[in-house]
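Labels for the chains are A, B, C and D, by order of writing; each one numbers its residues from 1.
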Amino acid sequence: MKDLFLPIIIIMILVVIFQISKASEYVSVLKGEKKARKQSNRINGFLMVAFLVLGLFGAWYCNKLYYGDMLLHDSASVEGVEIDKMMLVTIAITGIVFLITQILLFWFSFRYQERDNRKAYYYPDNNKLEMLWTGIPAITLAILIAFGLKFWFKITGDPPKGHMMIEITGHQFGWDFRYPGQDGIFGKKNNQLYNKPAGNSLAVDFNDPESHDDLRTTELHLPVNRPVKFIIHAQDVIHSVGLPHFRQKMDAVPGTPTTLWFTPRFTTEEMKTKTGNPNFVYEIACDQMCGKGHFSMRGVIVVESEADYNAWIAKQKPEYYSMFPDKDPSKQQTVAQDTTEVNEQVPLAQAASIN
Amino acid sequence: MSSVASLHESELQHAGHDAQHEHHQQSFLTKYIFSQDHKTIAKQFLITGIIWAIVGALFSVLFRLQLGFPESSFPILEDILGKWAPGGKISPDFYYALVTMHGTILVFFVLTAGLSGTFANFLIPLQIGARDMASPFLNMLSYWFFFIGSIIMATSLFIQTGPASGGWTIYPPLSALSDAALGSVRGMDLWIISMAFFIISQLMGGLNYVSTVLNLRTKGMTMTRMPLTVWSLFFTAILGILSFPVLLSCVVLLFCDRNLGTSFYLSDIIIAGKVLPHEGGSPILFQHLFWFLGHPEVYIVVLPAMGLASEVISVNARKPIFGYVAMISSMLAIVALSLIVWAHHMFVSGMNPFLGAGFILFTLLIAVPSAIKVFNWLTTLWRGNIRFTPAMLFAIGFVSMFISGGLTGIFLGNAALDIQLHDTYFNIAHFHLVMGVAAFFSMFAGLYQWFPKMFGRFMNNTLGYIHFWITMVGAYLIFWPMHYSGLAGMPRRYYDYSNWESFKQFGGMNKFISIVVIIVFITQLMFVFNFFYSIWKGRKVREANPWDATTLEWTTPIRPGHGNWPGELPEVHRWPYDYSKDGKEFISQITPVGEEETGPHH
Amino acid sequence: MSSFEVPSQITIHHEPAPNTKRIWRAFWILSVVTLGELALGLSIYNIHKGPNPSEMMVLFFKGVICILTLAKGYYIAWVFMHMGDESKLFRRSIVVPLLLFIWFIIAFLHDGNAYREARDSNAGEFKVIKNDVPAAVLERGQKD
Amino acid sequence: MASGSLPAGIKWWSGGKSPYNVNYGKIMMWYFLVSDSFTFGAFLISYGSTRLGSDYWPDPNHVFNSFPFMGHANLPLAFVSLMTFILIFSSVTMVLAVHEGHKMNRKGVEKYMIMTIIGGLAFLSCQAWEWTHLLTGSHSVLVDGKVEHWATTITKNPFGPMVEHAGQLVATPGPQLFGGFFFFITGFHGFHVFSGLIINIIMYIKTRLGHFDQRGHYEMVEKAGLYWHFVDLVWVFVFLAFYLI
């Protein structure tokens, strides 16, 4: 019964509206079309202005609600600072145009509503005006394009010297991270070696000596103020490494590596105080639809001081040793085997959590 | 001159003559089902479009329920949807199917077929003074191919594994591998087949529109005497002819990848624990091909909307459209530019930055003709004598939406900013405003305006006013806040945001939006009711030209038969925008130019 | 302004050339050009077979072949399809849209090339086995 | 006449007539061909993009080097050139049929239509032979350290780079998409030839039945001709993309 309550009310309202409309149509036929139109013109003209005023108020209110409190904290990356500025400039320019055109639109509608004594002004064209509003937008856009291109080439170009590299691999539905280890070079990968030996879910070729010191981690840690370049892979479908706080994003495309780079500016701890949110974390959001678990494809980035980072990375164990525990100099065979199993179970566990 | 064949006259007249002869013996089947009359075909497109619009909008209501109330369950959904909503909560698989179908249906079936299919068929012959389309038979086929396509798409909703669920852009490998998503098992094949039929339908329609506009204009109807509606539909048809075939190539290759084991779009894939043998293809190639259609498609949607709005504004402001030639040339510029900017949808796909720079340049150029159009509409309103018919309200609403949605395009076309906004709610707000709501507003404007011509009756005005105001306010309430969540990076196409530290703060906003969506949806149902009710019960049209308009369609009888004009075709003497000229309220296009008339436009 | 004194019979059919000489001439041109292309194609083959293939030379030959093909396309469209007999605006309305292919081709080929570079250029940072083309690409000829 | 200009002194765009002096059917056919060229263009450009995106691509001279009844003779491009000539020649006969149509000479149209149809059949037969040859061929390929024998199929390509194996040069698997694109695009073209052939046969029958004489013009033949020439035109580019460069 309760389920039916709402639909019944809605239908009742619709029936009432319909009856009123029907009645008003009869009235307008009786009154004469011209008179009825006059009345509805007045009402609609008034509503136009009311909509404009209330709409502007609503926009202001929405701004107050979201802009200050939730949105656009300082960019967490050095490169993002300039992009934020450009964003603000673009918001300002488009905002002005928006205000002018919307106000004119609704004001004209109200001001020039049909009146008996009014004659519309026959004004078919004016080339000067056309030139004016071809020229001004063109110039404004040229400026925006110039800045846009500058930043575009900057952030898609090469990172500064001394950057670190991290390989990030997307799969349905999660991220894997690989650090190149001491030598700064990643070991080769070969898809044919997938899960050979078991647990090698990144298909690393362990015959390549450069892979022996590569670290595979479940968390992504970054030192603050050091440029980092992500080398992005995807194993199955297209994913996207979305880093809203760092103002960066790049698709992960199967078969083709892509890259992005940025320089984190604040540690996670600093951001917690800045945002006033004790639970703050940097998140990697998958931004390219990748299947039913798309919404759960979350990664966490921990930005920390150089010292903390060094301490963390020192604790990580090369993946090689967990694959081949007998090669591990510290010979912790049992522990290593456990890791293998865990690695194997990760995708399954994630799949289960979605169902 | 051996083979002097004066085909032309007969060509102009043939449709009418044939129709006149057959008029009395038409059965129900030839009159309403397999009709070759452009007006009936237009109505077929329209009503099919309306049905699809309800379905597509209903889907959005369903997934908005999940987005707005992620922790609630609605037991009624399980009764209706069965396994797709276990426990009254939509499953992620079905959620993505809904999202995909919502996009596909609205972009292709409603805003392409429903909008330009309806109005191109209805208005082109009537407004240029032709008996019918150049090829009424192909025109009929065009509808029936669309119909078959839409039946196939509808079938895919009911198959075991569900319809396609890879997003309306169907990016492979997600759409190519049946292990990647439930919708990619068989739903995707049906999607592709359905789309192939749809493309053929569009092609036949488009060729017909173009050759009709070129060849069948009545005497005196020069190209620069055509109403802007015809111009916009003409350009739309050209865009369709040039871009839809590329979509065909694109999806046919995808079909091969899915079913024949080729690897056009696939390379180095490990899925479900298996290493696939595909090698050498590139998923980005698909995106290039798709957006080569996909971007013009946006203008296929919005150009007719511009044309309809221009015409409605001019008629109801009782003023000529300002800058007629500028309006045409800006549309031409939009057509040309829209075909060369496709890759701005792919700025974060890993595209080469230098290539990206070219696309930034072309993309932002489009803002110029768009700006010209907006200012011209504003100037048309200036010092007019505006009648607020429901059609006019929606046309003004269109301009407002076009401004709001268009300006955010400047953000998205600028790659440095697009990186942050790509695939977020900002993007959703942008394209829903500019090509979703705006195009719908124009479609409504067109329907209220030409309903009397279509059915010989008026729609109820009061319901129209209520429809407009709730929709207008609702559209802004829905899409305005989305800009904010988008600026904060909230990704689109998420099933649930509650696990995300960065986005869960927008839960309240999502709930608010969902409630507004439901109200707006119910209002649209009210419009649909008004539409069908008025077909049979609306106030009758008593005069041939109820809006005091100048264009040719109002010189036909109130309910024109096949062939449109009972006698000779009218001859045209002036452009279509002589409103309030020389002290006259309006001067029809068929009125010869007087000796003492002023102005250059005839 | 508006005068409609149109001659009563406007011909829809174009008068074809009085004889078929033009058609046969086009046929011979097409044949000769095809033979020329064939010769160039075979010389590419021979360059490849040689000990030290000159990539520049191959590229040059390929460019010439492309131009010859466009010429063939021109003859087929203009003579066989009678495009040369159509009105100038009609011709333009067909040819101008085809100009889109210029940007279409540039963008696609450029991007294809860029992806190959992206796949190959990250060597040193990471390597992918399949991209190591065997060094011994000595001869491409092969016994059946 | 070749200048292609319209008679002067007429306002071609003033309505009530075709601005190009062309019947609507021909306009539609031409614009359909423009549209179709975008379909083909998209395929060929995809092929180009993929080819440039690959590290290695087989030399076509090497893949297409056989000729029917010539055994293992190495005759690069010979057969495909024959196919090209067949198609060009059938284009010539088609245009001659159109020419006869202008003169309202039914016998002439019939004669040349028959020749065109034979040309089309010959082309399709050649293509069938070539496909069969590729699909049934056997080439040794080194796969995972073992020598296998492959044909060129939609997913396999035995024309990869050569490596040394057991003291001999053996090919490795080549780019899969070579076969994919080759069979797909030539297949799509073949489909066009096939449909053109069907249209031509219909035209022939209609000519035989005297339909066009009754109608007073042979414009249908002209439109079918446009389609047929387009198929030829596309082949020129397929020939370029797959065989020459």
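Here is the rule we go by: a contact is a pair of C-beta atoms (placed from the backbone, for glycine too) under 8 Å apart; a residue touches a chain by one contact, two chains touch by 3 or more.
What you see is a predicted model; the values in this text were computed from it and never measured.
The central chain of the assembly on a C-alpha centroid basis is B.
Counted by C-beta pairs in contact, the busier of B-C and A-C is B-C. Distance between subunit B and subunit D, defined via averaged C-alpha coordinates, is recorded as 36 Å. Distance from the subunit A centre to the subunit C centre is 42 Å, each centre being the mean of its Cα atoms.
Mean C-alpha positions place subunit A and subunit B at a centre distance of 27 Å. In subunit A, the residues that reach two or more other chains under the touch definition are 255-256, 258. Residues of subunit C in contact with at least two other chains: 2, 4, 10-13, 15, 97, 104, 108, 111-112, 115, 118-119, 130.
Residue numbers of subunit B whose C-beta contacts span two or more other chains: 2-3, 5, 7-8, 219-220, 242, 268, 279, 281-282, 284-285, 288, 292, 350. Pairwise, the chains that make contact are A-B, A-C, B-C, B-D, C-D. Taken in their complex, subunit D has these residues touching subunit C: 1-2, 4-6, 10-12, 14, 16-23, 27, 30-31, 34, 37, 41, 45-46, 48-56, 58-62, 72, 74, 76-77, 81, 84-85, 88-89, 91-92, 94-96, 98-99, 102, 137-139, 159, 161-164, 169, 171-172, 217, 219, 225-226, 229-230, 232-233, 236-237, 239-240, 243-245.
Residues 2-3, 5, 7-8, 11-12, 128-129, 134-135, 138, 203, 206-208, 210-212, 214-223, 225, 241-246, 248-250, 253, 256, 260-264, 277-282, 285, 288-289, 292, 572 of subunit B touch subunit D in their complex.
Listed in rising order, the residues of subunit B touching subunit C in the complex are 1-8, 219-220, 238, 242, 268, 279, 282, 284-285, 288, 292, 339-340, 343, 350-352, 354-355, 358, 571, 573, 592-593, 602.
Residues of subunit C that touch subunit A in their complex: 115, 118-119, 122, 124-130. Contacts from subunit D toward subunit B in the complex involve residues 11, 13-20, 22-25, 27-28, 31-32, 34-36, 38-43, 46, 49-50, 53-54, 102-104, 154-155, 175-177, 180-181, 184, 216-217.
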